[in-house]
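Per-chain residue numbering starts at 1, and chain names A, B, C, D and E are given in the order in which the chains are listed.
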Amino acid sequence: MILETKKLVKEFGKLLATNNVSFSVNKGDIHAIIGPNGAGKSTFFNLITGYHIPDSGKVFFKGKEITKLPSYRRCRLGITRSFQITSIYPKLTVYESILMALLSRHRVTLNLFSSADKYFREEVWSILEDVGLADQAHVNGDSISHGDKKRLELAVTLGTKPELLLLDEPTCGMSPEETESIMAMIKNLVDKKGLTILFTEHDMGVVFGIARRISVLHQGSMIADGTPEEVRASEEVQKVYLGGAA
Amino acid sequence: MSFDVLFNQFLSGIARGSMLFLVASGLSLTFGVLRVLNFAHGSLYMLGAFLTYSIWKWLLIPVYGFYVATLLSALVIAGIGLLIEYSILRRLYARGWPEQLLATYALILIITDTVKWFWGGEFLSIPRPEPFTKAVFLFGFPFPSYNFFIIILGLVLVFFLWWLVYKTRLGDIIRAAAHDRDMVSALGIPIPWLFTSIFVLGAFIAGLSGAVTAPYGSIALGMDIEIIVECFAVVVIGGMGSLPGTLLGSFIVGQVYSFGIMYKPELALAFIFMVMAIVLIIRPWGIFGRPER
Amino acid sequence: MEANTTDKKSSWLKSGWWLILLVAAGLAAPYVISEFYLLILGEALIMSLFALSFNLLFGHMGQLPFGQAAFYGLGGYGIAMLLTKYQMNFWLSFVAGIGLAALAGLIIGIFCVRLRGIYFSILTLAFGQLIFVIIYKWHDFTGGDDGIQGVFPPEFLKTSVSYYYFVLLVFCIAAFILWRITHSPFGYILKAMRENSERTEFLGVPIARYQLIAFVISAAFAGLAGALWAPFYRSVAPSTLIWIKSGEPVMATILGGAGLFFGPVLGTFIITFFHAYILGFTHFWPIIMGTLILIVIFFLPGGVLGFIKEKLDNRKKRGQQS
Amino acid sequence: AQAGTPALKADTKTPAPKAAVKADAKDPIRLGAIWDYAGPCYMLSESAVQGIKIAVDEINAKGGIIGRKIDLIVRDTEMKVDVGARETKDLILREKVHFLIGPCSSGVALAVQVVQAESKVLRITCMANTEAQVVDKFTPYVAQVVPNTYMEAIAATRFMNKKYPAAKKFCTIAPDYEFGRREEAAFAEEIKRLVPDSEILYQAWPKPGEKDFTSFITAIMAQKPDAVHSSLFGGDLVAFTKQAAPYGFFEKIPFIALYDLPVFVALGNDAPDGVMAFGRGCFFMDPNPKMMEFVDKYRKARGAYPDSWAVQAYDSVYLLKAAVEKAKSSDTEKVIVAMEGITLDSLRGKFTIRPLDHMGSVPCYQGVIAKDPNYPFKIWKDVVRVPGDQVWRSEEGVREVWKKTGVTR
Amino acid sequence: MMIELKDIHTYYGTSHILFGISMHVEEGESVCLLGRNGAGKTTTLKSIIGLTPPKKGNIRFQGKEIAGRPPYRIARMGVGFVPDDRRIFPDLTVRQNILLAKKDREGSIWNLDRVYSLFPKLKDLDSNMGGHLSGGEQQMLTIARTLMTNPSLLLLDEPGEGLAPLVVKAMGEQLMEIKKLGVTMLICEHNVGLAMSLSDRAYIMDKGAIRYQGTISDLKANEEIRKKYLMV
């Protein structure tokens, strides 16, 4: 078990966005969280990554409590996220963006006097190859296409060498072709690099295509949790969310 | 200290606060919508004061000449605002805010020098207009009636701006445009026109506040720089772009200053900045401001 | 799209020969120009350093501080007070002046780095004014409006030429250090924070702390500029730390080009020399400066140096194509 | 003049006779005017430079000083110490001036003083009147023809004491900078001497350029003082006066401040009759024939009445003339020696430069505000002229300060 | 003819994105614009609404040239744009967001009640701040807001993005209804199924140029094209 939450609660005014959610993610799993719009998926992610602090409840990562740690500390422990709306460095090149992640991970960021260009060339290039952005290495982040931005975002995320990767709608806005390739990439990462992935998605093709475990949120509460088959079979899930889509 | 003394000091603070509010509200309004912190707001205020003097002098209308001059000069300043928005700021909206800030900073230099050129360095003064020449008595203590005029004007402005921003559709548009002008435009709302009118309104307020200070104290070079920093303090304490914040900020700065003068006159000015620092340490976005993220 | 990305290394800015040329020109200056212009040159170097300190935060980290003059002034006041009031050794006072600025930077920075954008600017402005008011009002200790006079450098630096060489030396060392910083991993992280600070936080960077470090470095270099300035004209006064002074590096930087390391230097040189020249004719200098700023904003969006670089790059591109 | 030197040349409205120009074209005496064309100093500087120009033109028309014409070069400090120091260097290095006159702000003056003393160039100070220039930070390269802060405050305090001998409880209000601080310190010293059991209840320090005095006014009135001493002047005094009047301030509390010509022009009928005033010497304070002649000249040139600033600047040029003529040279050291002890018949009557500290025994004036049908503004009545040597710090007093500040002479 | 694009070229700064796009949509027709990521679909829509005006070429809306006009004028003529990045006004409530766009014209069909019945979820969120909505809620709000301008031509950029399957289905039905009311639509969508179910004709773009055009049934029949550009 790599991640565990216990009775997490988060309220926004009167709205109970996360309601007593306890769940866990196993190491090496591909775990999806699904649920209707506004169910509280992103909020839940935010609680895990430290963007929000829960009103009550606890979060554990590899057995260590991280409920109130600031985001960057969590990241150093090995939790990384991507954003639902792509969040990249508009005026840095693709190469530099990835370099940033490596600099941070190797903790050389307090080095004030050596030249940053020297660092980690090979590692950056290998990540670029991994995500298929090598030919755009020196293009600025804001002038690559939507799909490539998503890839870049993943690449930057990978640069921090996470153990747990949280992806908020990774294929949102992707063409079917791109979706395929991203899915393949994710699978590859889990199999080859031993990552654990927790993601949300509205594309049931993707969810049922790669997830090994699925949790369903509805109005802040966890209403189902299990293998894809179990979830597909759940009547409640069909009613509030799938409506026959899967 | 007896009650009447404290009360009177409180009233002085209110008068000062009202004056600050008059100036700061225009600054806050333009910032709220255009997201342009208009450094030159103080300069427009100064220009308003000088213009009022000249128009008043030229009109030579005996009793109510001042009011006519005030209105006229506020209108002229609004016109200058139009010119500034149309010829300078409009071209910079697409650019970063540092450039906008610098452009308005450049305007300070230009306007100040122009004032120097036209009016020289003389300090000018207008006598208080009727019916505000005398004092009224509160608890047996005299209080200048012109200060009441300023306070009332401040209240009228508060109400007007509050109504404009929170109670009208225009207000909704203003707040929407503050965030995403392209999208507002794509919904069929003429953005350039909106921005121009807000800036012009801000300039009008600057001119108006400059005009009403004319009979209050003296009109002199440097009055722009003097007021603008205090207005920043007001706006920052209250929360930038927030109308209630500007009101509260003016009140706080006015009182802090007034009682600071009473108890520790050397530090009165420092108190303002200390209060500002304290507020920002506790609430970095000001009392009514909202965090950006 | 980017044909010349691979040869970035050999781009004109990095090719170095022009730097050597400039330093040589700097060394030769006392033999070429009149004493007055040597003075202005020295001043331009000091103000350039001030602008570079500003641009570390603005151009490289993406935060616009509007209270830099406070640190600049504190550097000057530090050296001036220790030298004249406590008769301390010049070099000790010099270092203490920088230390004072850095310390103030640390204290103020703690509060400022939590904010972004214009809020950051305004808060730095506010703290700058607070320091100004304190120095201005603390008449018995700081001399209030009078300032402090009689800040003399050691005997061998008293002539214009020797002090000029001293300034040149300090400037070169400081500029080199800043240049290294901006190209170091730390400098890259600053750049990342400029582009997207939220994202950077999720890379595991404690952004507030890094901004604070940058803030302190910037304050220290501003203090260095101030500590160089005070003995230059033998005095300091509160007007060196009023907010208007904070506007000067902003103008210089945007004029020269914030995106390039030497942009602020060029901007400062333009302003300083232009100013010295213009003041001879007229005291309507601000109106000319204001117009100049507007012209640059409108017609040279990347600043003068940015404009030159673009022209050169274009020419190069054309050269490669043909 | 060197051709092409960028400098604001004195525009000679009354060109010198051709013959005279030719005869004296050799080696003019170069006079640098360094002034603060900004903020509250702008107008004062304009007046002063006008006074200097009139004097220079007059002298040049009569053939100059020891047969040499005067070249006037004007520079602006923007009221900033750094610019002031640099412009001083510029005047000395590039324009090679022999003498300096100026500036307005005390802070700028002290910065200018370091530079100019180091370069050994003589400066006449006729507006910035901080005592520090001649006492605390004495240098032989400065001479002062304006009553310094000490003299001015002592004279004003004595005047007030004579009018209101029973007053024991005082408040003060003064602009918060060198000038105001020093004036009020001298006031405190003198009032203790005159009325040993007196007491200063409250001191207000508005920043220069303050526009809103209401809080200060109510704070002062709350103290119920017997009298208020103030060194407010210019626009600040205008604002203060207008804001204090509705409170009945001037009816209730005896008040003295630097009410001079520009303030009266700005205030018009709002100037409070019967209030005490002190000043540095314009025509209604000292309407001697020489002064009135100057008034005519000035009005012809500028279409306005000259204020004290113009008068003192005019006197400065004549002091230089007298000293150079006595020394028969423009050499700084010789001129300084010649100047020590010299007596000048100025617009303000005769005064002498004290050899010890180069302070002129210039008069201080006090009076009471009143209407006068001859002028479109209010002026003074019951004027008192106090010669400088009655109020200045004694030679022992000066030496005592020097002991503290380390000046040796 | 509702809208006609003739050989338009659009740039972002100096980078050339659209290379001579020509297309048209008839009145009452519904057309989809398909293609890979980065093909230029969004840019085409932005060129029409005026957010990235084309440097060259003509755009005629109901016979009037609109290329180069500011967006608010184009919108006022009856073009409604639903951006893919939502662009909700965060400081306004849901209701204010919707009413802001309100524009009555002849034959107006949309009002507050009607959009609320289209997206019932929004009605529950009526007084919530726009900035606090979830991704999908924002998407609904964006569409609702644009409908309030009562457009005669609706430009939809990925309307289904980020919506739950149930909602996508409901929205598809609603859009069908809108279409029946005579609103012309131009849709960009990666969900090819949704896109094809809504449209009469399709254009396929790649690298800034139109590669294919035809009716939906033609496209369904043409496996080669579908494989090549759409992977389905």
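By definition in this document, a contact is a pair of C-beta atoms (placed from the backbone, for glycine too) under 8 Å apart; a residue touches a chain by one contact, two chains touch by 3 or more.
For clarity, every value in this text was computed on a predicted model and none was experimentally measured.
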Inset, instruction - Could you tell me which chains are in contact with chain D and with chain E alike? - result: B
Legend entry - Topological distance between chain B and chain E, in contact steps: 1
Inset, instruction - Quick one: point me to the chain whose Cα centre is farthest from that of chain B. - result: A
Legend entry - Interchain centroid distance [CA atoms averaged], chain A/chain E, Å: 29
Inset, instruction - Find the geometric centre of each of chain B and chain D from their Cα atoms only, then give the gap between the two centres in Å, rounded to an integer. - result: 36
Inset, instruction - Could you give the separation in Å between the centres of chain C and chain E, each centre being the mean of its C-alpha atoms? - result: 49
Inset, instruction - Can you tell me which residues of chain E touch two or more of the remaining chains? - result: 15
Legend entry - Overlap residues in chain A, where contacts from two or more other chains coincide: 143
Inset, instruction - Return the residues of chain C touching two or more other chains; collapse runs of consecutive numbers into ranges. - result: 1, 137, 198
Inset, instruction - Could you run through all the chain pairs that touch each other? - result: A-C, A-E, B-C, B-D, B-E, C-D
Inset, instruction - Mind listing the chain A positions that touch chain C in their complex? - result: 49, 70-73, 75-76, 80-81, 83, 87-92, 96-97, 99-101, 103-105, 108-117, 119, 137-139, 141, 143, 156, 159-160
Legend entry - Residue numbers on chain E that touch chain B, as the complex places them: 49-51, 70-73, 75-76, 81, 83, 87, 89-92, 96-97, 99-101, 103, 145-146, 149
Legend entry - Touching residues (chain side chain B, partner chain E) in the complex: 169, 172-173, 175-176, 178-180, 182-192
Inset, instruction - Within their complex, state which residues of chain A touch chain E. - result: 12, 35-42, 84-85, 143-148, 169, 172-180, 202, 204, 240-243, 245-246
Legend entry - Contact footprint of chain D on chain B as seen in their complex: 1, 5, 8-9, 11-13, 15-16, 19, 116, 120-125, 127-128, 133-135, 142-147, 213, 215-223, 226-227, 257-258, 261-262, 265-266, 269
